[in-house]
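Each of the next two complexes has chain A plus one more chain, namely chain B in the first and chain C in the second.
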Partner chain A sequence: MSRSRAARILDYVWGGWGAGASLLLLTALWEAGHGAYGTLVLPAPRDTFAALWTMSEAGKVLPAVLETSRNALGGFLAATLAGGVLGAAAGASDMMRRLLQPIATLLLGIPAIAWVVLSLLWFGGTGLAVMFTVLITTAPIVFAGTAQGVRTLDGSLRRMALAFRVPAPVLLWDVYLPHMLSYLFPALAAGLALSWKVTVMAELLSGAGGIGDGLASARVQVDTVKAMAWVLAVVGLLLAVEYLLLEPVRRHLQVWRREMPGTGAAGTGGF
Partner chain B sequence: MVWVYGFRVFFLILPLAAMGAVAPLPLLWLGGAGGGAMGAWHGHEQVFGFLAAALAGFLLTALPSWTGCRPVTGGALKAMAALWLAGRIGFWLDGVLPPWLVALLDLGFLPALLATALPALGRKERRPWEFCLVLAALIAGNAAFHLERLGVVAVAADRILFAAIDLFLVLVAVAAGRILPVTIRSALVEVGQPPDIRLPPGRRHLAAATLCLMAVAELAAPHSPVTGWLALAAACAQADRMTEMHHGAALRRPQVMLFYMAHLWMVVGLGGLGLAILGLPLDPLAMRHALGLGAAATTVLAVMSIVALRHTGRPFPLPRAVWVAPALVGLAAALRVGVPHLDPEAMGVWGVTVPALLWSAAFGFWLWRFAPWLTAPRVDGQPG
Partner chain C sequence: MPGLEIRGLSHSFGPQTVVEDLSFSLPQGEVGCLLGPSGCGKTTVLSMVGGLLLPAAGTIDHSFRHPVFVFQDPCLLPWRDARDNIAFGLKAMGVGRRQRLERADRLMEIVGLASDDGAKFPHELSGGMRQRVALARALAVEPDLLLLDEPFSALDVGLRRQMQSLVRRLIAERNLTALLVTHDLAEAVRLADRILVLSPSPGRVAARHHIPEPFVQRDDGFVHCMVNRLLADPATAQALAVELS
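On to the complex of A and B.
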């Protein structure tokens, strides 16, 4: 049963209620924790929301969120480019794979916190240090996904396309890209999720501004409410990226699964 | 004729209970003596009189058809109805009779209903354990209500009644899980779509589980912000469940739309209640009425109409007249929920008296329209 695009979008947006129920149950647990352990350990949810609101009104939150997004996305884009190109090379050529694979493994093994320290020494406490840390920690993930995708391209499918004289752009778009995406997208999603966390950590240690910097000052002031409010800001950012960007793309890529016979719309709607 | 199946007798006396439970309210409010003991009386009659009769009519009819166990008929059914009536008489004569006698008269019915449901637990499939558990909790709640009146336990009466409303909402969620697949399919057939739907259990389980949590939290800590967040979570879970009914034109058929409306009232009531507990200036008692008068009563009317149709051997579609009573009840609920917020001065007339009249008109109309079905044999000549 194929359904209209508008109905699918409504289903998706309505699915937000389910996610809301889950998050509100967590909030109830948080509130219970606050009741048991007090504000110094766990501030009340309402106080935290209020603190976030006060900080936004004072004009602190939006610049920090933008700064963090810039650092995270800048590093992530660079990582996608570097990891994508090198991964494609490793997937296409056996020699490149032998050359690059051990390096990628080595990079993956180095803890992100070590990169923060090194990049602080190399670039000083600037946004560049943060972006470099993101680049070096996420590039190996993109590299692995791209290499795997290129290596497993179906040779006979390509030969068939060539036999039918399929033009090169169509070959790229309809034969290579769908296959690549099924490998690349999970790698990109994982890389993006990682890049936010690495960004906040690097910002916290470098004092380069952004949400991490706000967390650092909350720590110095032993202000748990403010610290939780900053955590809330990160979480809000992550949820927005996940549900407004990644999940819709994921669903779009899995259209073939939804259109399988025998699955009603009610089975797939929502989160 | 009415003694051949449980739904016939209980759906005949239920509208009378509904009208009786609101009858004294306008006099009290317009006379300027609202609240207090009267509130507890009204609450108890709506929950353990009106809703309990609806539950009895539903269970005595649904359990035999789900599990194949023998329906309660004849003398046993008469005894059940007599136990229910004894409780109502006890409460109408409350003040004349001593409290222990009122308690004695009222406490027999629900345990008898549980006793009729227990054999179904021994069946192999579709065991109604969730109904039995909630019924047992309701029995405990009613007992606590009377023990409080007798001065044996010290727990606020309204706290028990509020938790009991939550338990009835759990029953609404559970019953909808069994009814909706059937009614949605019939609605899809009516609008010419293929009836191939699959409702994954996750949504209904989440909806019922959050309501159970809400009932427990209301009993344990009614004013704690934890309860407020749980109410909001329960509201979201009910809203999430409305997806099950998003089927284009089929949603507009009464057998689906009435459940949709009931869920909408649950979202409004639970959401408003949660926000009120968390400190927003909303009237919690108005939100209770969104749950009881809005959600529960709309569900009761929907179930009564569908059961009256199907179990008297009639096929879908439902007659157009099925819309009248839920529309009147919806209007009554909107007034009862809206007036305290918009114009508290007008409470006596527009917040209580007019809704009570609309409510009575709704159940009076339902009785007038559907009683002939309940008192006549099945149209297909089958027994039952």
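On to the complex of A and C.
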């Protein structure tokens, strides 16, 4: 690519106007909903932001956000490791696939809330219970992506690489990994998004701290403003992860797909 | 006489024998052609010569140090641009990035690619350009033996002719030896000094032909006459009957 890194970053940030406009539209609808149904059902956006600010000043938000991030990322990393290793085995060996696929399907079928209850019984109301829930709900997604990636490795590219007597590290880095990433990355992105949701849910039920715990206490106090403020905190976290981490990585990985039929203009700005 | 010497070569995949008792020699600097219908084991022979397959029986002797393949499918890495694809073989040899990209730039010029094609990804290139990239990738490692596995068969007639001339010119300029696999008799006549006609499965030698005329003399008229002359040989016509019908 001839464009400099700075130009690409500027292009990306400029593309944020679209996302900003869309979020402002949603806020306008929220305001209209507040006008129609009143504060108890839907507090005003301004009050919600003010409540979030007050809670932050009181030192409640940052520790909760960190706690939730630790639970979500811890569980997600464990899931990536377990799902990745087992998925690679299932992709490489037919027997392993037959053995593991039904288990993955079964795990995917069990509702996340059931895992929350079970892990609370097994691990008590601790962060471990939350991480375990994230691990068990996310790992099958990573597993499926990895297995698919390994299974669809292109035999003719491998043959070409062997004909050039390519050493194993180059084979892995230039031939296997880029192909795998095109399957693995969407699975990881979906897994990560799920991790946050499951974490908040598990925290809410376990009282193990974090944003979920804050939501639980808002529910007890019937404080809709506070509840919405916590929702805002989760949404902020999700948006930050999506646009500061996932989207830039996605663009970097997919440069070679630019203007490929059916992929849209992946190389241009805009969210 | 240094070159390629094959004696009593046989190979089977499971119970099925694909190549049986094949012997031929190719002097250094010449273009040999394995000609035969689909499934006669041509690619298997090429794979054995290139060291991708071990022969079940027979010997392959050659003094070449860098055999290199050009496949029917260009087999480019879709996630690397043309320049990096050309430099791929050099990366495998451990050549530094700057040096290999410089060599890739020179080769792009040699195979007739514009310098701004270097930043394009394979899906942004036409079929002919992709095959040029594959050819440049093969030449980048400075081979002494080119193994060409039907490299032009996916191209349309005009492009095929261009690529044939380019390959033949590069072979002459760099004093390469080449072994070409094809099922197209006209292509064999246009490019090869020696033609080995293989019978349908299992592949055995059906006929051998030598074409001494220099490449520059092989115009359409010559190719037409020579094709007819070779088909007048009953063994050649019979081996290729499947293709002709």
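Note that the second predicted complex is superposed on the first by the 260 of 271 C-alpha atoms of A that agree within 3 Å, B and C clash if a C-alpha of one lies under 4 Å from a C-alpha of the other, contacts with A are read in each partner's own complex, and residues count from 1 in each chain.
Just so we're on the same page, a residue touches a chain if its C-beta (ideal position, glycine included) is under 8 Å from a C-beta of that chain, and two chains touch if they have at least 3 such contacts.
Please read these numbers as outputs of a predicted model, since none were measured by experiment.
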First, second, both or neither for A:P167, with chain B first and chain C second: second
Touched partner set for A:R159, first chain B, second chain C, both or neither: second
Chain B versus chain C as contact partner of A:V175, first or second or both or neither: second
Chain B versus chain C as contact partner of A:L128, first or second or both or neither: neither
Residue contacts on chain A - larger count, chain B or chain C: B
Which of chain B and chain C A:W17 touches, first, second, both or neither: first
Common interface positions of chain A, toward chain B and toward chain C: 1
Chain A residues touching chain B - in the complex, by the definition given at the top: 1, 7, 10-11, 14-15, 17-18, 20-22, 24-25, 27-28, 31-32, 35, 44-46, 262-267, 269-270
Residues of chain B defined as touching chain A within the complex: 194, 196-200, 203, 206, 210, 213, 224-226, 229-230, 232-234, 236-237, 239-240, 242-244, 246-248, 278-279
Chain C contact footprint on chain A (complex, rising order): 1-2, 156-157, 159-167, 170, 174-175, 178-179, 256-260
Contact footprint of chain A on chain C as seen in their complex: 50, 52, 68-69, 71, 73, 75, 77-81, 88-89, 91-92, 119, 121, 123-124, 141
